[in-house]
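Structures for review follow.
Common to both upcoming complexes is subunit A, partnered first by subunit B, then by subunit C.
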Partner chain A sequence: MIIDHLGNALELVLTWKMALVMLSCALFGLFVGAVPGLSATMATAMLVPLTFFMDPVPAISAIVTTAAMAIFASDIPAALVRIPGTAASAAYVGDLTALTAKGRVGRALGISVTASAIGGVFGSLVLMFAAPQLALVSLNFTSFEYFWLALLGLSAAVMLGNASVLKSLMALAIGLMIASVGMDTTSGTPRFTFGSASLLDGVAFVPALIGMFAVPELIRTFVHRDETPPVAPIGNPFRMFEGLGRVLMTSKLNLLRSSTIGTAIGILPGAGSDIGSWISYAVSKRFSRKPETYGKGSEEAVLGACAANNSALSGAYVPAMVFGIPGDSITAIVIGVLYVKGLNPGPMVFLTNADTVAAIFLVFLLANLLIVPLGLLAIALASQVLRVPKIALAPLILGFCIVGSYSIDAAASGIVIMIVLGVLAYLMEENGFPVAPTILGIVMGLLVERNLVSNMIKADGTFMPFVERPIAAGLALTCLVVWTVPAVGWLLQRRRRAAARTAAKQES
Partner chain B sequence: MRIHDSLIGALLVLFGGWVLFVALGFPDMPGQSIGPGTFPSVLGVAFLLGGLCLIVAGRSRGTRRLADLNPGWRRAPRLLAAGLATIGVLVLALSFETVGFPLSATVLLYALFFLEGYRGPQWLALCIAFVFGMHLLMTRFLLVPLPAGPLESFL
Partner chain C sequence: MELTKRTLLAATAAFAMAGAGPAVAQDWPSGPVTIIVPWSSGGGTDATARMIGTLLEDEIGVPVAVVNRTGGSGVIGHTAIADAEPDGQTIGVATLEIGSMHTLGLTDLTHEAYAPIGLYNSDPAALFVRTDSDYDDANALLAALEDAEDRAFKASGSAQGGVNHLAMAGMLLAAGMPPDRVAWVPSEGAAPGLQDLAAGGVEIATASLPEAAALIDAGLIRPLAVFASERLDSAPDVPTFVEATGHDFALGSWRGIVAPAGIPEDVQAQLIEAVGAVVQKPEYLSFMNDRGYATQWTPGDAFESFMEKSDAALAESLAAVGLAK
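So, the complex of A and B:
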């Protein structure tokens, strides 16, 4: 049991060296995360050479602290200039920017920092006490389960917006279409590349994310500047927590549910951390008393999705530690560092290096707790941005977008992708097509297609294998419920209205 | 810029048709009835059906003008600024390796400030400081090889 080794683990963690490593990495993660366009993956990858000179626990703590901070910090540019740092934070960027537009940016970031810490701590506790057992469950996921899970995530993206279902579906199809550009993963056939070698690898995700969120905002700032209201400054950062206790108390169930969903989905390798916050957002909306406020600046929505975002990150470490299976690019880096340090991930590491593993788990916990004080500091510094009029800030934001899009692959094609998709997103938003499903379509497209094709080959033309296994059947049923409940609700509402009209006619 | 749903629907139908046409041309995998064209074909059909639904929905709402421009687009400096932020960035991307980030970005950013009414040496100085600061940060600290163009030897 991990708990038996906590004493020795504390000795490894509570040292000046560890405090220095964690603090400097936290500040570095905050800086990279808060720069629009720079990602948590980039921050962690840059630290890898430094970890060669560190002991195992400080090395892992450097990566984990940087990742946790960078992922939280990416909510700051998401709220201030509408550039989300990850696919997961794209789920609630609409609510963050709407809260900022309403002059409640301080509250939005206060919720973000608190929920991120709570979600992260929740995920870390699950990791500490139930990692081996949960990892075994995740191993039961085959391509059939992944197919349904991806479909559930995509359905959530379509259902969670306030736009028409038809337009959301079309937006999702656009995203899936963008994802299918490039070399086909099963046969190697180039698709929709127009002969361009840079498109063979597909459409890079980070430039797409920057373009689809930041560029429409920039165009609106340049063209529709009379319609953009000035944003109220944050003021005293400590006042961000005023009334937050009440919000947390009223949404405690939402917080617990979102953290659980985030952790549970985050555990699934390959897909988890990206769709955790999207599914939790949809579930939270479904159970909310005010679902109509979602997407328009709902504090409840930000609270749940932020908690799910960070808990999914902790969840992704479960298969990484137990089986050495990376959940995402950051956990892949962690696995690499573990191997370099001789802590080969697998069930045996819990027996042979129990003290070190317990110390690593403690580091996960501490890194998430550090989000609160350091997050406050970052928000206080970033809040200065709001003092500058948005129109004067726009060219500089464009500069960040250019650098961010270029830096991911060190290729100018990233800048082209950013602008082309940005203009497309502007036109989509102007005409009531939500951008969020498109982003999720780009992220999940390959996963959906790969699993669909391999499942169709395995199933040999029949449908039964898709629902034969219990988890697959459960997920298929959930998908069916997600698709049919809104339609049934709409039909019932229509019937009720027709009945009321007939009754009113008969009375008159 | 608001476009009538019927027109968007028609564009989606055309796009879906093109996707379907291209996707059906992809070779099947040996011994399989599916291949690289299967998934795009499904998407092509989705665009066709979705486009048709949008045409019907748009027509049922009546035919207004096919496109409505926001008043901001009719003001030359704003139109120029938006054009510069999109087409200008595309040009910058195409000449990125030869002209380099410092020169092209400084010109682009100052032109945008100029069009927004922020004119004068202090704004030019801000652009230079921002662009060269970013270049230093990315190349020296974050190890991203941002091209410097003709300033390569100087920087």
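So, the complex of A and C:
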């Protein structure tokens, strides 16, 4: 049915005005994404008053283009100076920086740019052809299903990086403890806030992210002053696609799987691109032939997670367009703009405004394709940063960290959170604890707790309703398998080793 | 070179004097105006504030910046408005939560820290069930609740102590039932609560009508009654709760522009006039109507007494559900 309207939609999209809007918004999004601390949400909110004076299609495409660009561009500072822009990119920031340290920054970002575009296009196609049907599926998810899904996300913690399972679990527990700061969702009682109003909503997430990734790197730059690794050669940035085709071909299954996971999880309004990117990272590691390279600069890891990340972004529009339920803060803004433009979200919009809706979907495709040329340009410019010695760059990075932590809530408390968690992360990493599981704990802790509490209220304290609904039961079973299989394997291995030891003893 | 420098200096001086001249003659606005929003960018309060900001810029001829000061369940932003210099250069949007935050024990701040400019929106809460539900109207639902055990029915639509929770509790109290008759499942706002209703996670939900519009259009949920004193223009088919059941009860969220207390009276009057002009503009009205937000304009002292009443009503409901500190 969308096909019938593509002709009219093309007429709406292929105009000079649209080209101008999309190009300028793409540049704006690139800038916002590449500057650490400026978020895609902030950029879209600033665009809203401008969209009042635009036609519906340019208005929505302005937002879509800005958001898609900003999400991709946040990988640039993640790779160059280890400041991830979003929680979703936190999953693979370790791989990005490891690749940069090996002097393969062009390759790392080349993969990021291509995978982002492929994932985005995949998500857009799904959105085009199956939005109303898929939205109905998303409506089967209550807090019971979300609870199990969040637990599954938490289980990804032990799959990240290469630290021991025990250390990963401890790092996760630290994250969960940090997540318990703030107002208790059920009783409204402040927990561990020490009377500070800034902590009522919990530990601010973006300062935590900046602190835990960027600050340890800065501290190391100063501590190991003499050992500062030589400046990575940049090479010709326009040759970053060399050999990329082969990588894409060998990991086409990984790409497909990650894009599917990203889209599927993005469609669920209670989950979003963060969980999508973490789970797809864990899954692709599970199926990888070289799982030991994950976290140490694996190209596959970056490829999969980037694809999941951008496909989830398109997925979030499914419940937003069909039921007016926002999947993330950007779609929340888009819903508002849709109403203002008379495109009231609902299943009817696909019939009453079919041309416009088809045009919006086309814009999704174009925006994701635009990522490639413009992203290349941005990478070529930004990579020059690596020419500067690390020690000279450090004060500038610290400045960005401070501004970024402050600007999210316009509050100095963000800077304190960044510094405290930064020092904590430095101590953790110096002692072999990975920080990615901690970030995961901060992101998911609240989700797990909120859904658990909702479930307990709904179930009157009994357990059966947790597994009575079919999807919930399926997810619960998956959790059980994920937890028990490695544990059983470990036990068996231990027993075999013990038996071998006793046998060896008896022989001697 | 010398000449250029001197010319430049002279030009700068002239420019500075020109700039200083009108500032003395005209007290307000003496520079850019800031509107503080206690909620995050992208939400309804933010959207309405940005619309007012854009139009206010034309009205008073100086730049108007909208700043989100989020956190602490609204405490941080509301406090930032109260703590601003009372010169009219910083104003803000106060919401219903100014009446509940202090009762919940989160802050000492009350509406008395503000000079009222005007109430520009209030959206009553409404009562929803799934379309396939057995309850055809509010009376049928109330009858079922009468017979049910405490906490047998579950409802959602906001955080604990949020406006939709208080609407549910207030409805039960008005109908002569204990607020515990329906167990409240806290949610991160109206949208997830309504989604949980559509997905079959809860049986009842409360939220404002615009928040539920898409799910109503999709035929998944339906409104039984709206907690307002009269039917809404945007939804003339939905009866008020008092029409449907005979029990008088009204509650809804609201948004208004306030300035820090202690602002000079003439500046307050100018602000009331300027914002009052903005909310009559056709661009503003069509924006609010398109988004489904109710419009009104209750300036000055009337807004003050409205906030007083809202405060008292919230204190009563919060005490009833056991959340008052």
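One rule holds for everything that comes next: the second predicted complex is superposed on the first by the 486 of 508 C-alpha atoms of A that agree within 3 Å, B and C clash if a C-alpha of one lies under 4 Å from a C-alpha of the other, contacts with A are read in each partner's own complex, and residues count from 1 in each chain.
Here is the rule we go by: a residue touches a chain if its C-beta (ideal position, glycine included) is under 8 Å from a C-beta of that chain, and two chains touch if they have at least 3 such contacts.
As the structure is a prediction and not an experimental result, all values here were calculated from the model.
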First, second, both or neither for A:Arg191, with subunit B first and subunit C second: first
First, second, both or neither for A:Val467, with subunit B first and subunit C second: neither
Touched partner set for A:Ala394, first subunit B, second subunit C, both or neither: first
Which superposed partner A:Val137 touches (first subunit B, second subunit C, both, neither): neither
Touching partner for A:Val372 - first (subunit B), second (subunit C), both, neither: neither
Subunit B versus subunit C as contact partner of A:Ile457, first or second or both or neither: both
Subunit B versus subunit C as contact partner of A:Met42, first or second or both or neither: both
Which superposed partner A:Leu176 touches (first subunit B, second subunit C, both, neither): first
Subunit B versus subunit C as contact partner of A:Val403, first or second or both or neither: first
Doubly contacted residues of subunit A, that is, touched by subunit B and again by subunit C: 42, 186-187, 410, 453, 457
Touch list for subunit C against partner subunit A, complex: 40-44, 46-47, 50-51, 53-54, 67-73, 75-76, 79, 104, 106-107, 151, 154, 156, 159-161, 183-188, 191-192, 194-196, 198-202, 213-215, 217-218, 220, 283, 287, 290-292, 323
Contact footprint of subunit B on subunit A as seen in their complex: 32, 38, 42, 46, 166-167, 169-170, 173, 176-177, 180, 184, 186-187, 189, 191-192, 215, 218-219, 222-227, 391-392, 394-396, 398-400, 402-403, 406-407, 410, 412-413, 415-416, 418-420, 422-423, 427, 430-431, 448-449, 452-453, 456-457, 461
For the subunit A and subunit C complex, residues of the former touching the latter: 41-42, 44-45, 48-49, 52, 139-144, 183, 185-188, 190, 197-201, 204, 269-270, 319, 322-326, 329-330, 332-333, 336, 339-342, 344-348, 409-411, 450, 453-454, 457-458, 460
Interfacial residue positions of subunit B with respect to subunit A in the complex: 1-3, 5, 8, 12, 19, 22-23, 26-27, 29, 32-36, 38-40, 43, 46-47, 50-51, 53-54, 57, 70, 72-73, 78-79, 81-82, 85-86, 89-90, 92-94, 96-97, 101, 105, 108-109, 112-113, 116, 118, 127, 130-131, 134, 138, 142-146
